[in-house]
Structures are given as structure tokens and as C-alpha cells.
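Input: a single structure, listed below in C-alpha cells.
Per-chain numbering from 1; labels A, B, C and D assigned in written order.
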């Protein structure tokens, strides 16, 4: 049996690991268009900040590949998939045959058209290690950095560069940072906190034009710019999938077995659409744990052990400038029936937001209150009825003691981590 | 309202160099002695509430705590010492009788410590219990005057029911109510494991513990709490409690606060009702009444259970014991004045009754003088502290001993004498669920098993040293004892010679 | 595999497990120094259960799940399950993103309050010393190191 | 001043020997003297003695009282007492010969007596009980008189000296009996009182004993509840009384009595079949205080035969052998071989294993 995996991040890796668990003999090959061994993409900001070196950034050590007999081909982009003959053409000129194929090509940065962007040769996106390495090379303490996008990637980039350059300015069209996760008040509080660390924000604003050493904002303000980082967003990388004629909406369409519309071809990770259990719709949920589990599910089915992916929901754990933000589910609801509980402490810069609907927790956001957040996550994940619990979760800090004794004992003594 | 004259009995000493503010002491003190001051990040203590139970001292991970007697002194006066003065302050303030727990703490002679044991040298080999059989099994119960066989050599005498003990030790009566359910469980399980018995005390038998019946003595006391037919039939023997060494002539009082649902169901009294055991049994005003109760209980249980009678060691104990033997009791328990209690009037505890050693010797000799010693068993109770006390008790004439305080100490009691408060920090003398759970029966029972296994081993070593390989040969073997520092009267009563004789 | 189990009927909530957990994971291995000089977060959570009759408690450590969510969620590869089934965190690799905290359904992974490199505090079963310090020092035998099968 | 038996307990080591002819063929005392003499080193010259059964066939219906007197005065006083209670059939010196090593001999008298019937009837007793009480009374109240033998058709001969010298002194070659026992004593502390030598006797019971029982006071205080007075404070005395109590007063078969004295261990009892176990348990339960503990080997002569008994873990030596109608017992095998060069069925009774050799019924 020959297994081929396109993409060498978490979905590809977990897929390979699962295949090897089920099939000790089959041949496993991973194609990576990058020149580095697998690493955690979110780690590039830590790399840029100097918190991890290129050694430690490696996701799995060399022993992992040796022990699991996984062949990784670096610097090889999959150019074309020939599903009829079960062959993939690589950018290195070689052809790779497969019996089962996984597409785990992840996402690519979304860069909106900006006038004059070609004027700034130091324009980067911030998604791959390569990006971080390029930026690392050119920054000096004189650099003026403009970051477009006040979402997770932009802020992580800002954090990584803070203190290393002359100025950092973050520009976003939205009126607040991390608009998808934070309400405006909290966003403002965080913004003020970050501003003290010499990062300037230009919100409800955008870069209108890029000059050689400056940018002009929509409001006319002109900012010096030596380095421009485009961190507006990402989109699924469906390029390879399309060559095989696989059905693609926003992302690659898969069923619960992570099978694409083409036989023997599976897809997992940020490049696919999968079930969001909260909205009961297929969505691109570009989340690390999601990618891991989808890769694992695909790997299982590819190696003959039937397994379903149960679906997921949005969740994030983010740390920047010493702030910890943990959120999951729906935090910015459209539905008016959602009740929202908020508890905040300005002095301590903590914030707790719990969102409930129909006797269930559907989302939460915790600022600097990470402890035991996973229990909230499990309440969403397990679809727990709130009135079955020992106490009102808004009235008391969460603990396992929230569960009635039998459920608690089932969890503690029978290792049930559902 | 005036100020209280009572000063704290103890001082809590906290070594600030060692205190890590972990607050274990704060969480563990049921008397609320310790408190944490968040503002100053310091743990403070209220000396006045401290009973010196050592819970905090033992649990403090850095051993930062010590408790000592309050160093506050009154002017020297051998007669009017601090204790005497404080007791007056307390009574003047409360108008109540003084209450105490556990046994008589006053420095009366402890005769165990004035008797020494014999060992074999040359003419008689000592026996190594690790290599040779060494028997400590005893049978408690009434023995017929003699055995009869028919012409074919078949035994025709029926032996009355006996309590078979693997070692001459029993756990003495401590009621569920006065001690916790976990403490009872520990005693019951240890008795089962060791092949001995424990005693329900006067509080009835909790439904969970009927399964330990083979190792249970059920008690019938003046309050008759929890007594019904199933109860009488549940154990291996029935004990009639006529008196208690710690408080001869006094009844018992379990305050309603300790009578929760479980205790209530077990005692068959309403939740929250005080459980008052009258001073006498109101159906026993004389020896013939006792005989009637003994035989009522035997009738009720088809003569299948030995009936034991427990009395406090008082002036006329020998004659009383003789009467009890003749009234039909299968065994007599003599409880000395150092025996423990959950609560007793201090004056009674400290001033009524006589030392167990003298009482035991007198009873044994009296029954022998009357030729009936072999027909009835004698159990010695009231502060048997260790295996050598047991060996001495048996040499004086006991068949077995009861241990109460020693058993409680084994499971954590620190002899703070505060049982009556119900706030036992060790989970023993309390009914508060949160305190009760501090006594893990799994651990406690093992400690009891360890203690008595060790004692049994020590008893065997001492027996072996005397050249004896069965405890039967120690019983009443007073030649194995010698007195030290005793006057002739004491030696005569104990029936022993002075060392050197 | 053997794990630490807490028995509610015996747990007193005294907090000694935390004291000894911290000390076991300190540099000095000395309780007082651990508290005075090292700001260590214990890998244990003590929870109180509100029941009508009395407070009950239980101590909670990492369950070392058969299928650990924290390992899957870890973005750096720091969290892994070793060949003995123990879920471990390589402190050099951990970047403190707290994804593990986000997904642990027991809330048994804690953020380390220490400013040092170690960011996550979780039970490692004191594998280096043999018996877990919490089990060893529990005054009431409420914590037991037991085999999963034994517990079931 | 040294205290004699009765004033203090004197531990001692010893040699014992015994011969029985179960067909009641009588033989004289030479062999038993020879046998005990071989074990000379096990004695120290402070006590020796013999018991012979079947030696007084002509007086077999009379109690033979052997009495030591310190002087004539006490002799007269005692004889008055005897006269008052017994019909004295015959009275006289026990014949002795002069032996150089035997000194300080008391007056040694022998009386063949029958209790005065009206006295026995008055007291509602049998003649044995009556005689026993009289003997106890003399020994307790008549200072200077000591009845050292009181059975029928049997007699004890003892004194201070090596046993072979005592045998020679009493001229035992002139007596013929079907059971003989002998004792050589090694007391650790004694002024050398003739009464303190073995055998100890009580009616027909005679006991020679090697050992020191550590259960002494437990046994004594038990037996004293039944009217005995352990005046001598010796092991043999208390063992004799225990046997007398169990067999004569409580009517227990001799085998049951022995199962009381050397009761099986509890774990052995548990292995028995339920009925047997119940019986053994009853014996131990009721007569726990009659268990004899400590090292001993004893030979018990009585009217029906000879019993050999060891302590439960055999802390004293004891060997037996047979030849023809005879059974031999001794502390050492050599003491058998010296009188029976080719013994058969040599056997070392186990600890707690009683050996009872019964005389065949009288024809």
C-alpha cells in the first residue's frame, strides 16, 4: 500500500502517524513545498521573537520519522494530481504514485489588492517560517513596521517585533482588534494595554497607498514604512485539489470520513470545509486541533479503520504581550436569544464572557483567566444541558465539581475525556 | 457582662521562619484556632480555642508549629495551683459541673509500673516464639465445674458458649455516638482481621456493621439504646454495662447535637434528642435483679451467647464480682479508674474508683477463695497501655483485657481530653461528617491491626522468656511477678513477692 | 497504566498534596525554600463539592488520557504521550500558547505562575522519584496510585 | 539461712528411670538402682528416691504410710493422731543399712493402716479422701513429721544422697515389685531435706520428674481451689495433685487427664475431626489452668500402671524401650541398656505424647 500526503503540517503529520499505527508495512510519503521539517505554523512569531530556535521549532523530532518509517520529501510542491492513474507530479520533476492520497495543503495568505504595493519590496505575509526568516534578516532597530490586520496573525507579528524595531503600526479596517473574538470594550482594553508596549493602532482605517518608504492611510495620515506585513487573513489552499477535479467550495468539500469527491483522495486541515457543530453548517475552521483530528481521521480511514470526524467548533488560545485570551464557540452572536454573562475586573485586566442558548453553553471568552477553560470547552463539545449541572456556571468558578457525581466519577475514574 | 477571668490553657507557637502560609492548619483546625490574614500574608492563632490536639502540629508540612502549656504562671502555691484556680474561674463563670474526657490523669500510683516480670535462666529454657509454637488464644465464657464422659469416653458435658479470642485483647465498649462511624468501622474490621472482638458500647449497632457480628460484643446499658432482638443476636456475646471506671456511679449523656440521622436510627431515638443513660439500670437495684437480666438476655438468645457484666472497680469490688459470678454472668469486666470516657464530670473521673491492678488481684483471689474462679472469666479494663501491662494483668489473674484509649490513640487520638466538645480534629470523637472523614477506616483499621499484632508478638516474646508456650499458663501465675517499691499491704493485695524475695 | 486517583470520601481538602507537589517539582526540594524562593504552581487542583451535609473535596491531577486532547492541540509538539502512557510536556519546546488548557476537559493543565521558562504545570506522576509526592504525603490516603483496571 | 521445700521454690535438674512388667511379674530393686546409678552425673547428691508397686502383697489392702520424723516427740504426737484415725495393722522401722555417704537420717517409720470406718462415714467421704486429708494434715500441721508415701501395695523410698546410695540404704534388693521408678536430683538450692527428695507421692500416685514447670503458680492456684495445699511448692507435688484432682475427684479417664496436662496445640486440635476437636477444645477450655508448661519429663506410677509424659515441645529427654513383658523408661538410653542390653522398640516419645503402660488386670 502506498500512502501519499501532500502537505507537511499538523494534518499531514497526524495522518501519517495514524496510518502507521494501523498499517505497519505500507509506504508513507509526505510532500512538503517548504524546505524545513514540519513545524508548528503558529510558532513563527515565537521564532521571530527569539523564543524558539530553528531546532526546537521542529514539530516532531527525527526519531519520529525514523521510527514510523515516514519519508518526507522537502522542497516539492504538488503540481498536479492525476486521479485516474493515481499519480502526483512534484515540482522536483518526480512523479509520486499512491493508493491513498491526503491533501493537507493548509491555507495561504489572503492579500487584498493595495495600490502601490509593488513599491515596497519589503512586503511580507506572515504564515510560514520562511516569512519569519526573511523578516528576521532585514529588521533593524531603525525599522518602521506597518502591519495590516489586527487579527491574531497581525498581533502575533507585532508582539514578535515589539522592542526590536523603531515603530510598529497596526492598521485594520475593523473598529477593534480581534473583531471575531472580542467585544469592543474588551478589545479597547487590550488595545490600551498593548499600546503601552509601543504599538500604535489605526482602526477603522486601511492602507490606501503604499509608497517606497511610507504608506498613506485611508484617512490621509502618512506613516513611515520600511517593512510592510500583510496579515489580513488566510484562505484555504485548494490549488492542488482543483487539479484533480475535486469538488471545492470555499474549501475542499469532504464527507465525515474526510473523503473528497474523488475516490481514494482525502483532505484534512485548514484547506477543507468541515462541520461546525454550533451552526450545523460546513465551514472552514482553520484550527490547529481540528487539523490534527481531521488528519488523524483521514489517516484512519485511509489505512482501513473506519472513523468519523465528529465536527468541531471555533476555539482559540492566544497569548500576546503577556495577555492570555482563550475563547471557543460563538462569542459574537447574531441571535438575540443568546444570553451573555460578563464578568470583568479592570484592575486585573480579566474578563469572562459566557454565552448560553437553549440551556446550553455555546461560547466563552476568557481574558487572563485561562485556568480550567477546558471544562467550558467540554460543556460546548459534549452538548451538556446546563440545568443538569450542580450549579449555575455563571455563579461560580468552573470546576469538575460542576458535574453530578456519577458523571464526575465516570470522567475521573474511567478516564472518560469526552 | 464582665470580662472573663479564664486564661488560655495552651500557647500556639509558630516558627515564622518555617511557616509558608500554606493554610493547612487553618483548614484543619475545627476549633478555628488558626486564621490567615490575607492583608499581611500571615497565619495567626487564637490560643484560647486551642485544646492541644496536635492536628495542626502533625499536618504542618514544615513542622512550624508547637503547642505548649501556657507559660502564664500564678504565684507559686502547691495547693492553689493554676489548674485549681482556673477550675474555679470556669465554674464561677458557667455555674456548671466541670466536664472532662478520657481517663483519670492524676498521679495516682500506676501499679503496672511497679511490677516486674520473670524470665527463665539456665534451669528452664526460654522459648523462641519465632521458632516454636506460642499460643495466645483464650476462651472467654463460663466453664462447667468439671467435664463428664460416658462409659465409651464420649463427652457428655455441654460447654456454654465462649468468645474465642486469638489474643487476650478486646476493644472495649465505645458507643457509636461517642465515637464516629469510621472509628467503629476501623475497630470492627480490625477485630475481624485479628480474630478478636470489639464492643458496640451503649449506642446500638449501625446497620452496616451487622456483618462483623462474629467479632462483636453488643452492649446493654442503662439507657437500653438500640437494643432489640436482632441486636442481641447480632454479636458473639452480650455485655451488661453496670458501671464504667471513668465515672463509677454516673450515667451517660450524649448531647442531641451528636444525634444525627444515623445515630438516631442506630440508637432508636429521635434526631437531635439527648441520649441520657441513667446512673443505675432502673430494673436493677440489687444482685438478684441483675441475675434476672442476665437470664432474660440468655433466654432471649436461647443460651447461645455469653452474657458479660461490666462494673467499675470500686471499694467492694471483690464481693460484687463474686455476686456477679454467682448471678450467672459468664464473664466479669472490671474497669479501673484510669479508663476512658467520652465525657464525665471531672470530679468523678478524678476521685472515684480504685486502681485496676488492685481490684483485679482482689477479684481473682476472692473467686479462687470461693473456688469459682475457673467457672467465670475475668476481663481487665481501664488503661491498659501496652503488652507488658497485658502480661501483668493476666499474671495477676485476668483472662483477657479490654483496650479503649490505646486503640483510639493508635488511630490518631492525641489525648487532648476534649471528646465532649464533639470537635475531634482526628475524626474519632465526633459526628461532624467533615471531621469524621479525617479518619480513613482503611488506614485506621490497619493501624489497629499493626498495634495488636505487635503487642501479640511482644506477649509471645515475654511468655517465651518465662518458658511458657501458652497464655493459659500465665493466667494467675503471680510467681512471674515481683513488686518494686511497694509496701507489704500492696504486695499482699497483689499477691506477689517483692523483687529479690 | 497507573494513575493518581482521588477518593472523595477520604479527601480532606487540606492542601498538603499541593505543598508536596510544589516541593517535588522545585529545584531545592525543600518545602520552605520552594515557598519562599520558587514560585511554583502545583500540578494539582483541589475542588470542593457542595453537598448538603458536609463539604467534600477531591484533588485532581492530569488523567493521562488514552487519547489526550492536549497532545493534539499542542502547536509546538511539546506535549506528548510517552511509551508508558504518561502525558508529558517538554518545557523547552512549550511556547505557552495554552491550547492544552483550552482543550483539557478536566481543567487539569495549569498555567505556571512562575516567570521561568516552564509555562505549563501538569502532573508528571513524579516519574523521576518513583511514587508521586501527593500520594506519598496524603495524610488520609485519599490519593492512590492505582492501575486503571484496578479502579474500574 | 537456707529454706527447705515448702518455704521456697527450688528449681532442680534430674535423672529419672522406670521399669514396669505389665504381667505383674515382680522383680527386686537391683535393676532400678543400677539404671539410675548410671546417670550419676545428672544428680548432685542432694536427693534420690524410688517408688515400687506390688511390694507389699501381704498388706495390699492397707494404706502403707512411710513417715520421716525429726525426733521422738513428734513421732509420739503423730502416732496419737494416727491411732485416733486409723486402725494400725502393723508399725515399725523401715529397714535400712548403714551407708557411709548417707548422713543425718531422720527416724523412718512405716505403718500399714485402715481408716477407722466410723470416722470415714461421719465425714461422708471415701477412705481414699479420708486418708489423703489425714496425710495432708500431718504434713501441714505436724512440724517435724512428713508422710512421704501413702498408697496401697506401694511405697516410696527417698532421702538426701545419690540415688544409688539411697537404694542401698533402703536395701531395695529385698523388695520385689512390678513397677519401679527412680529419681536422682540436682537441686540448685536446698539444705537437703529428706522430704524434698522424689518421688512425690499422694495415695497411689508417685511421680518422678525431671524439669521445672513454668506454669507452677497458675497450676498451684488452680488446684488449691479444690482443697489441695501445695505445701512443698514443688513441681511434683502440684502435678500429683492435678492428676489426683482430674482422675480421682473429677473421674476423668487417665487419657483425658493427660490431654489436659499436655494439651495439644490449638492448631493441632483444629486438624482433628469435628467430634474429637470439640472434645479436645472442651478439655482445653475448661481445664486451661491445668496445662503444664515448661520443660519436664515425668514418670507417674499409679495402681494401674506407669505413665511417661513429656512437655509439649519436649524440652527434657525421655526414651523408652521394651523387652518381653517389661517396658523401660529413662532420661538416657544408656540407663536402659545397662540393665537390658538388647532392648527392643526403642522410642523417643514426642513432646506432649503421653505413654501409658497399663498393668494387665489382676487374675
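Keep in mind that, in the parts below, a residue touches a chain if its C-beta (ideal position, glycine included) is under 8 Å from a C-beta of that chain, and two chains touch if they have at least 3 such contacts.
If you're wondering where the values come from, they're calculated on a predicted model, not measured in any experiment.
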Ask   = Looking at the contacts, which chains touch chain B and chain D alike?
value = none
Remark   = Comparing A-C with B-C, the one with more C-beta contacts is A-C
Query = Can you give the whole-Å distance between the Cα centres of chain C and chain D?
reply = 79
Request  = Would you mind pulling out the distance in Å between where the CA atoms of chain A average out and where those of chain C do?
outcome  = 28
Query = Per the centroid of Cα atoms for each chain, what is the distance between chain B and chain C, given in Å?
reply = 43
Length of the line joining the C-alpha centres of chain A and chain B, rounded to whole Å = 70
Key: Residue numbers of chain B (touch at least two other chains)   = none
Query = Which chain C residues sit where two or more other chains touch them?
reply = none
Query = What pattern do the touching chains form: line, ring, star, complete or other?
reply = line
Query = Which chains touch which?
reply = A-C, B-C, B-D
Message = List the residues on chain B that touch chain D in their complex, please.
response = 120, 123-125, 127, 132-133, 135, 137-139, 141, 143-144, 146-149, 153-155, 157, 159, 162, 368, 371, 373-374, 466-470, 472-480
Key: chain B-facing residues of chain C, complex   = 9-16, 18-20, 31-32, 34-36, 53-56, 137, 139-142
Ask   = Which residues of chain A touch chain C in the complex?
value = 10, 14, 40-43, 46, 51-52, 56-60, 288-289, 292-293, 296, 315-319, 324, 326, 328, 370-375, 377-378, 381-382, 390-391, 398-401, 405, 411-415, 417-418
Remark   = Seen from chain B, its contact residues with chain C in the complex are 17-18, 20-24, 27-28, 58-59, 61-62, 432-434, 437-438, 440, 442-443
Message = Could you list, by residue number, the parts of chain D that touch chain B in their complex?
response = 9, 11-13, 188, 211-212, 214-219, 221-222, 224-226, 250-253, 255-256, 263, 265-267, 278-279, 281-289, 291-295, 312-313, 315
